[in-house]
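What follows is a set of structures for review.
Here come two complexes built around subunit A, the first alongside subunit B, the second alongside subunit C.
So, the complex of A and B:
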């Protein structure tokens, strides 16, 4: 186990280096000279030279790469180009609102998707199964954008059940007032794909021998589904959830943008709008790191939950 | 006298299976209809100019006007003379009374040529400037579909090429491409797209096709690589090698047709995914430039219109997209079943 862990961490290094190189290449070579972005439209050549010196982009490329790597390791990406707030502080303060939105969303999504998936697999091939699958295809094909626009208009502007947008300092108020509509709308979109995935996980198990044995012993269908099948189908579900965590962080940017939730996703969109490169660079590198770690943890968890899996 | 019956090939069989799948055929027709409309728009037969302001501001849909009285529609001027008396904000032009005199004195020189009268209602309504939503919808479908399709072609071609090379040659080539795959999949897809959009300052249809195409090859790569790994040691490939077929020939003449069903399904999946990505990008203003209309930019406008109760542009763009994406997804499923019947139990 330890040997496996060490090997996996060792194998992560080239990938991580690749991510760093990709981001570096993108921002320092493809994008051209960021000094022109930063200096604005009415810049004198001295201004440009000054900014170039400050950013260190008048130095050779390998030296710039070294600066970038130092930034990543120390976590100090300097200040935002547009608000001059330290980048590390931006991420620290935006993480909370993102989590307030995403953790309830993830818990609800998993619960609802697993419940419906179990229900559907109990009646496999029936009209209920097929109509739910068709419905989930249709729900998936309407863009999240449309759900948000219509949902915000109908439930917040017209009916007034929820605030249109906003965020407060208290966690409890956020959870009970401001996050409710975004979570519900997010749920509408994210349940369908998970449901389809979980259904295949469960159907894989339903055909196994141990299910037939349990039936032969006279175990009730309910118990078979909830105890025998769910325990086995739960393994891919849990690992799948864990691995999807970092993508969720950026995935909720539309919700955060529409409902003015000061989270990481909204910050990234703002940064793209303002060409605020330090924020985008930091976000890309750190989310990539989080993804790699989550994948590793997912594999480890798989191993822990399912002793049959041999990772070595 | 004996005639050798030629056994039907993979594609004929797949086509027959697809024809038997009723859902698949209906979705095929829907998708074909969209592509037909797009081709006609490209050729200039349909919706030649969406920028013409043919209706009054926020002209409602014709069929909806029967139920609704026109009270909330602004009193629409019908002629050029009436047009200049009061502007959008209800302000009187102080020179309005002089217009007739000026017109008489300089018959051909005053002001703009008189506009053609504007329509009170339009088939699918009008937007803030009086553009016809139907025309915009057709143009928007053209943009979104073309971006999705061409980007999917680029991504699938890249993924196929990388996957073929990695799977066929193996060893360090495989390691190198796997490394690249690991790097691209470590960054969440939309975040990577955003980062590139932020770096490339110019917006344009070609830019967005490149962004989506260059980042979206990973899914195809993984599957094609696995197929090549499996096929390269099969007997027909070894036989081809034995009679002296070159590596290139073995890869692209012998193996490629045998994995093409995987590629086709992936292409179809990618089209749907990229249409969705384009809509989100254009909605956020990182996609198509302002003088190009797409479903995403229509949804962006519709977001503000809805607050004023003008729902028709939102409904048109949302529905057009939903129908296409549903049909395309079901067509993909049908294609997969038709091309790989072993998958279906």
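So, the complex of A and C:
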């Protein structure tokens, strides 16, 4: 196991290096020149050159790349070029609101999708199954933007069940007041594809020999589904969940923007618009690292869920 | 924490103003500010020497941190400012519990900061190349890496604790406008040095408010500056002329002023205890929040104007709720320009000029106002918009929408149609117009409008989509062929607009890359003139030359609509001041109870 872990961690280095190179050259190729915006409305070529010099983007590419690598190693990506706020502070203060939104959303989405998937797999081919699948297709065909615009108008403005927007410094108030509508609207869109996917995983298991054997031995349908089927279907479900974890770091841009939630998603999109490379660099590296770690975690969990899996 | 105060709620109910910002603030060091949202907040935290009268239209400069208007001598080259006595910075640990008065030396330090290369100030241009000795200090700092703030220069002379003499290199009657910008709000040197590297988080000014709780990109709270001097609300109505946004009736404007004066006259500034500003980037969220009474005032976004307005009037349902509408024409222009150095469209030959003029004449501004701006803009053909010194409401453009004449012009100049039905250059080479726009949804609509316009002339349309920073870069490198650009007044004088076509400003903000010795000489003449009929006459010549040479077509000026709740008192939209919150009051008895 230790050898496997070491091998996997060693393999992460070239992958991460590839990501770093890709981000670096993509930014320098299509990322835009922030100096022209930072310089303001009436700047001379000398002013632009001064800003480029201060940002270090007039240095040779290899030197800039070396600085980037040093930043990754030290974990210090410097300050935002637009606001001068330290990048570490941006992530520290904006990740909380994003997580407050996305973790409940992820938990709810998984719970609801697994529950309904188990339910419809028990009634495969029935009217309930087909209706739910048609409804899922319809629900996931509509853009999140539509749900937000309509949902905010109907539930917050007309019915007044939720605040139109807002955020507080208290987690409990956010969870019970401000995050409720965004989470429910996010759930509407995200639950359908998960449901369809998990249903497939579960149906694959329902047709297996061990299920037939369990039935033949008189095991109840509930136990078959909840203990035997769910455990075996758990591996792809866990994979899907873990693959979604790095997305927590990029926030939920639309939900954050419409509900005025100071999350990281807004910040990253703003950074892209402003060509604020320190934030873009940090976000990309963090997401790449999170993806690699999530992959590793997934593989380790397979072993926990199914002892037959041999990692070595 | 600098001037960031701890939250302390008084026992008596405090008056709280709830506002929104449509984009996140960028930090509160005035020298580094370039966006209007941040400037709006800084207007309340810091004080420049001068400001603009709240009610007077056309806008008029008045003293703010200065005790009186400056004494200007030597044909606009020498300016003497005298500061108010008893203007104190808000409390900050740097002052160790002592009151700290703003002095003439602070003004010198504040101005010097704009030339410090480390600050890379976007508003450096207002003093750059103007004050005797200051540029040299900037040059030295660029070489040595350190700005010498202790240096004394002839251009910035402190006569006594409260008096400052500024000597300019050349005549500049607009210098007073520079000293009215919120970015030139006076700072204290010891504060800037104490918080070096993080000055954006420690705004310490002499303004009526100081920074309270601040959650970056989300919430900014301003609370009364306890050290703010005793000052009374004492503005008078001085409206003159017509305002198309108000239906050309000065009487309406004057009655509006009378309402504001009746609500505010004689009150201490500021009346509101706390200002709660939320960053709400989506206009739907702001609109719905305003509808629920959670916001006291909003700038009405274009797409919501059909829901709030019928023509230029508020919908009856909103009127019934007591909601007020303030309309004014923004001191801004939207203008098409064509790159004069472009190998296909540029140049001063008769054929090229005719081609450019034909392209401009195919633009249907009225349609654009109706379709894209939802009626919230005016056709304005003059480079200097209404309300700005030097504007000319009677100017008649020669580039009005007239596709028939435009086609005729092209036929005459030999732009014949090829077998594909599209026009070619007189030498038979293909002709197309590359139109540069950003990736925004509104710019997609602009692309469609331009395609339609060029189809009227049977000219191929090419779309160039770039991110905003790339557009600016391409523009400054004279690589943009054609674009609809915009300019909003930094200060309300025609010079701020006319400089957009000045030859030496190529690679700066002369996007059309236009260089014409005749035009430049005329423009240079205006620089030495105060606002006057003679200067206006030259401005008209300049505007006409721009049209005749097919350099630019000024298209529209936008209307700003601001909605306010019935409990908000004393509000009148101001075309130049980025915020007027310290001049307002709230009648909480009218506010619905939660």
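As a working rule, the second predicted complex is superposed on the first by the 300 of 312 C-alpha atoms of A that agree within 3 Å, B and C clash if a C-alpha of one lies under 4 Å from a C-alpha of the other, contacts with A are read in each partner's own complex, and residues count from 1 in each chain.
By definition in this document, contacts are C-beta pairs under 8 Å (C-beta built on N, C-alpha and C of every residue); 3 or more make two chains touch, one makes a residue touch a chain.
These numbers come from a predicted model, not from an experiment.
Steric overlap between subunit B and subunit C is present once the structures are superposed on subunit A. By the document's definition of touching, of the two partners only subunit C reaches A:85; subunit B does not. When both complexes are overlaid on chain A, the residue A:259 reaches subunit C alone and has no touch with subunit B. Of the two partner chains, subunit B is the only one that A:141 touches; subunit C does not reach it. Within the superposed three-chain model, A:273 lies in touch with subunit B and with subunit C [touch as defined at top].
In the superposed pair of complexes, A:47 makes contact with subunit C only, with no contact to subunit B.
Within the superposed three-chain model, A:213 lies out of touch with both subunit B and subunit C [touch as defined at top].
In the superposition on chain A, no contact is made by A:131 with either subunit B or subunit C.
Of the two partner chains placed by the overlay, neither subunit B nor subunit C lies in contact with A:176. By the touch criterion defined above, A:14 reaches subunit B but does not reach subunit C.
Of 4-12, 166-174 or 436-444, the segment of subunit C whose C-alpha atoms clash with subunit B in the superposed model is 436-444.
Residues 32, 37, 149, 153, 157, 257, 273, 275 of subunit A contact both subunit B in one complex and subunit C in the other.
Touching subunit A in their complex are the following residues of subunit C: 24, 26-27, 32, 34, 117-118, 120-125, 128, 142, 198, 200, 215-219, 278-282, 284-285, 288-289, 291-292, 294, 467-470, 472-473, 476, 490, 499, 505, 507-509.
Note for the complex: subunit B touches subunit A at residues 179-180, 182-192, 194-201, 276, 279-280, 283-286, 296, 299, 302-303, 306-307, 314, 318, 321-322, 325-326, 329-330. The touching residues of subunit A, when paired with subunit C in their complex, are 32-34, 36-45, 47-48, 50-51, 54, 82-85, 90, 93-94, 149, 152-153, 156-157, 160, 163-167, 169, 257-262, 266-267, 270, 273-275.
Chain contact summary for the complex, subunit A toward subunit B: residues 14-16, 18-19, 21-23, 26-27, 30-32, 37, 137-138, 140-143, 145-146, 149-150, 153, 157, 246-247, 249-251, 253-254, 257, 268-269, 271-273, 275, 277, 280-281, 283-284, 287-288, 291-292.
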